[in-house]
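As structure tokens, here come the structures.
Paired with chain B in one complex and with chain C in the other, chain A is shared by the two complexes that follow.
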Partner chain A sequence: MTVIHPNMTDESAKIRARDVSVFYGDNKAIDAVSIDISPNYVTAFIGPSGCGKSTFLRCFNRMNDTIGTARVTGLIELDGEDIHADRMDVVQLRARVGMVFQKPNPFPKSIYENIAYGPKIHGFAEKKADLDVVVERSLTRAGLWDEVKDRLDDSGTALSGGQQQRLCIARAIAVDPEVILMDEPASALDPIATAKIEELIDELSGRYAIVIVTHSMQQAARVSQRTAFFHLGKMVEYGPTSDIFTNPIEERTKDYITGRYG
Partner chain B sequence: MAEHTVKAFDEDITRLRGLIAEMGGLAEVAIAESLDALVRGDVALAESVVARDKRIDALETEVDKLAVRIIALRAPMADDLREVIAALKIGGVIERIGDYSKNIAKRVGMIEGRGRFEPLTLLPTMGELAGDMVHDVLTAYAARDPDLAREVIATDAKVDAFYNSIFRNLVSHMVENPSTISSAAQLLFVARNIERIGDHATNVAEMVHFAATGVYPPEGDR
Partner chain C sequence: MSPITLILIAMGLGLAGWLSGRAKAWSFQSSDPALRSASRPVYHAWYVALWVVIPVLAFITIWSVLAPQLVMQSVLASPAAAQLPAFGFERDAFIGEARAVAQDTAPAVFNVEAEALVAPFREAISRYKIIGIIVTVLIALACGGLAFLRLRPDFRARTRVERTVMMILLLASLVAILTTLGIFGSLVFETVRFFGIVSPADFLFGTFWGPDTMASPEATDPSRYGAVPLFWGTIFIGAVIAMIVAIPLGLMSAIYLTQYAHPRVRSWVKPLLEILAGVPTVVYGYFAALTLAPMIRDAAVAIGITSASTESALAAGIVMGVMIIPFVSSMADDSMAAVPSAMRDGSLAMGATKSETIRKVLFPAALPGIVAGIMLAVSRAIGETMIVVMAASPAANLTANPLEPMSTVTVQIVKLLTGEQSTDHPATLSAFALGFVLFMVTLALNFIALRVVKRFREAYE
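What follows is the complex of A and B.
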């Protein structure tokens, strides 16, 4: 059973999932989850390891397609379009729904090329002058411009971990996505770099729909306005973050966030 | 309630609840003994009530420190968070209740001609009612019982009724016997203090309800 707080279904939902299940072979990792993701908020997925929250997140840009044994059932719509429809170009989909991973994974190229690569292959910008604009804008939004503007030709991998992660966020932003998925984006970073990422998430929210998977409940509480709690492949409770952390309805949610389980 | 994975968290919460219970117990005794001293004119007992208020004050400081420590080190959530916040506020309110009892005790030596005041027989009954509210609200706190908390809130109307009745009685007494105004005024303050104790017990009841359920009791109760 899923408890969904009032006003969590959204006519203007960016992503609408209905009865989504994910199987790895015979193993059901996600069991009939339905959720509306609002374009205006940061949505956090929390839950113990193995609860399926990352698996569910990866459905939104069909990252599970890359896993041979994975099978996704149910409906996922992006702006009312079925993302599994034949006419949906998965490369385009992943440009519209960007992703940032736990470990920063810059391309082994220059900082400039890390950002310019996406716009180039997607044909958003070809001329050097246009690319320059995109690179500066993306790095500025990711809060990295001032730190790297004099060394754009240095390798992306030469940056610190926190800078690399912001580079990856800038790279995701460069192709002008509508949604940014973040899978534990700060768990490999120190507290200051984490704070910078969280500040960045705050600044980006409203411009992009952001969905973040995190093990840190404090982080979910800090950065999100909506929180969904997952347990054993099911979505247990979905509501405003402040309600989930002060007065959750479901006993399992309460036990998890108060440190009695998980 | 299930235990926390981190056992020391449970120990902290248990200790916090223990401190509140101890404070409440001392406040209950202070109410009863201050009125006992008042009725019997027992100045020695009154002085002892005043002296023991320091212990309640010290406990409040301990509650504050522990609650702040729990918030800083354990980052409590949901009902744990409400519990700690409630304890922080309840500690402050019980300290006030202790102050009112101390204030009653301080007036014991200032009453003259005690045989002539009818309210002296009413005040202990009123005080008992307020003392029961404090007792019940602490039971509700210990049991996390929102229903009992609501009963305590309902009782406050009776304490208020006592106050109004004693107030009228004392005012007419003052009109008829101007020579007793000084003592009567002291008793008026005593009645006022008991009435405030009832109000504070009501506040605690609201916090107990909030800690247990996440919502304040319905407006009609208050």
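What follows is the complex of A and C.
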């Protein structure tokens, strides 16, 4: 039983999921979830650990393909195109749908090479001058340019945790995606670094459709405009963030929001 | 006089000590917590047993060396021994014969003169056998008894037993370390002797190798001991040709097995690959010498290279490379598995293909570990002996043509130390100098490689 608040189905939805289920072997991790993701808002997935919100997020760029035992059923559309269709190239899908992981995972290369990686493999920029522009633009958008512009040749792994995560965000936006998926992007960071990431999400929203998975309800309340609450592999309630936090319809959502469990 | 009897006696006495120790410890088990003994009965039992077995084994070790000498002394003191020739081959033969008969390993004497010695031998052997048994039992009773008397409820038998176990383990590891040091010491000693005859500069930089085992040691010609052709042959076969074979094949199979292979395929292919590492090197050796080398020679002759040899460096190097493949492959496998999967996911999520991810992210990240693996493989290849003894040439040759015969350091060591050779001759001593150089090079390679691997592991923990 899923409660979806009024006006949440959207003709202009960026991502449309219908009856999506995910299995790990014989285990059902996600059970028939349908959702529309709007291009103009930040959408937050909240819920207790193990509720399947990260698994569901990883459906949008088919990262579940990399797990041998995982199987996805149902329909997922990006701009009306079925992402599981034969003519959908997973390489191009992932260029359009970027991802930021829970733990910062910069490549063991220089800061410059970390950003240039995506544009190079997709052939967006070949010449050094073009790459320079992309690197500066991406780092500026990620709010990291001023901190690293004098040491672009230093290793990406030498940065602090918060800087590494912003580097990963810059790396994701370097290929100019349409959607950015964030899987608990601040859970490994201290409060100051977390605040910077949240600020950044705010600045990036509008330019990119952003879907963020988070453990922290305060974070969801701060950064998102839409919130979906997941529990035991099912989506329980989906609505405007303000409604979900102040006026939830479902009893389970209320219990979770008020901290009765989770 | 067999040590086995004594060891059986020691075991029996140890068991007796164990049982008596446990019996005594049981007697002071109490349900009153205030009187609870400090250790469980089994530790008291082991305490007594160890006090019996260790001194007895020490005595047996010493006795097995000492007893034959005592026997010999008493036989020589007997009147029959006065008849023996004063010294020399005959005397030794008679004594040996008499001893064999006395120990019932020979039916009867061949030389009549030895007959007289049989009785004194028999008598002496049985006398010392009895003495050995008596002393064994006495030591066991004395040590075991003392240990038994020390058992009290508050005696910390457990601590003592644990410490003894630790000492035994320490001793076992010391044996290995001391052996290594001993090998190193003897190598250094003989090398220094060699360098007293041929200067290190002549040895390390000379370009002609041809030790003359017939020349008198006084008239040594240092210019015949230039090891450069051997070092070159070793490096060319072990580090160049073998690595040209092993590095690409090893790395590619590791990449396939870690990144592409279905788990079921991997579970079949990986053990099969590792069988290569278990093939005895002598088998590789005759494969190289009897199968591959003639094929290479024939192929070379067919395309017009008439100088090609059946002892070509190419054959030995290729087979050695095949031998090294599992080594390179498993090191590369480990270092790629050590790269966090977050790195791989990050690259895939950027839209990189599998091969782009491997080439641009996984491989560079795993590179230090892979390089270390290759260094270990090189150190194994240049120390490898059997393949080159069978397939490479015994004659040193300084050339870059892989179809010509070449010799290696290990081949020369085998050649110089087999057969009858005077231990003072510079040709024999030069084998130790070669061994010393080889030892230092492989030691350095291993040392550097292990340090690199260690630092690499830390980087991802």
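Quick note on the criterion: the second predicted complex is superposed on the first by the 262 of 262 C-alpha atoms of A that agree within 3 Å, B and C clash if a C-alpha of one lies under 4 Å from a C-alpha of the other, contacts with A are read in each partner's own complex, and residues count from 1 in each chain.
Here, a residue touches a chain if its C-beta (ideal position, glycine included) is under 8 Å from a C-beta of that chain, and two chains touch if they have at least 3 such contacts.
Being a predicted model, the structure only gives us computed values, none of them experimental.
Asker: Fit or clash for chain B plus chain C once both are placed on chain A?
Answerer: They fit: once the shared chain is superposed, the two partners occupy separate space.
Asker: Of the two partner chains, chain B (first) and chain C (second), which one does A:Phe124 touch, if any: first, second, both, or neither?
Answerer: neither
Asker: Quick one: chain B or chain C, who's touching more of chain A?
Answerer: C
Asker: Is A:Met217 touching anything from chain B or chain C once the two structures are fitted on A? First, second, both or neither.
Answerer: first
Asker: Can you report the vertex angle at chain A, computed from the C-alpha centres of the three chains with chain B and chain C as the arms, to the nearest 10 degrees?
Answerer: Between the chain B and chain C centres, as viewed from chain A, the angle is 130 degrees.
Asker: Which partner chains sit in contact with A:Met63 here, chain B, chain C, both or neither? Use first/second/both/neither.
Answerer: second
Asker: Name the contact category of A:Tyr24: first (chain B only), second (chain C only), both, or neither.
Answerer: Touch status of A:Tyr24: no partner.
Asker: For A:Ala95, select first, second, both or neither according to whether it touches chain B, chain C, the two together, or no partner.
Answerer: In the superposition, A:Ala95 contacts chain C only.
Asker: Quick one: classify A:Trp145 as touching chain B (first), chain C (second), both or neither.
Answerer: Neither partner.
Asker: In the superposed arrangement, does A:Lys109 touch chain B (first), chain C (second), both or neither?
Answerer: After superposition on chain A, A:Lys109 lies in contact with chain C alone.
Asker: Once the shared chain is lined up, is A:Lys254 touching chain B (first), chain C (second), both, or neither of them?
Answerer: first
Asker: Once the two structures sit on chain A together, report how near the CA atoms of chain B get to those of chain C, whole Å.
Answerer: In the combined three-chain model, chain B comes within 34 Å of chain C at the C-alpha level.
Asker: Do chain B and chain C land on any of the same chain A residues, and which?
Answerer: none
Asker: List the residues on chain B that touch chain A in their complex, please.
Answerer: 1-6, 9, 74-82, 214-215
Asker: Report the residues of chain C in contact with chain A in the complex, numbered from low to high.
Answerer: These residues of chain C touch chain A: 263, 340, 342-353, 356, 360-361, 364-365.
Asker: Which chain A residues qualify as touching chain B in the complex?
Answerer: 217-218, 221, 245-248, 253-255, 257-262
Asker: Looking at the complex, which residues from chain A come into contact with chain C?
Answerer: Touching chain C from chain A are residues 61, 63, 66, 68, 90-95, 98-99, 101, 103, 105-109, 117-118, 121-122, 168, 171-172, 175.
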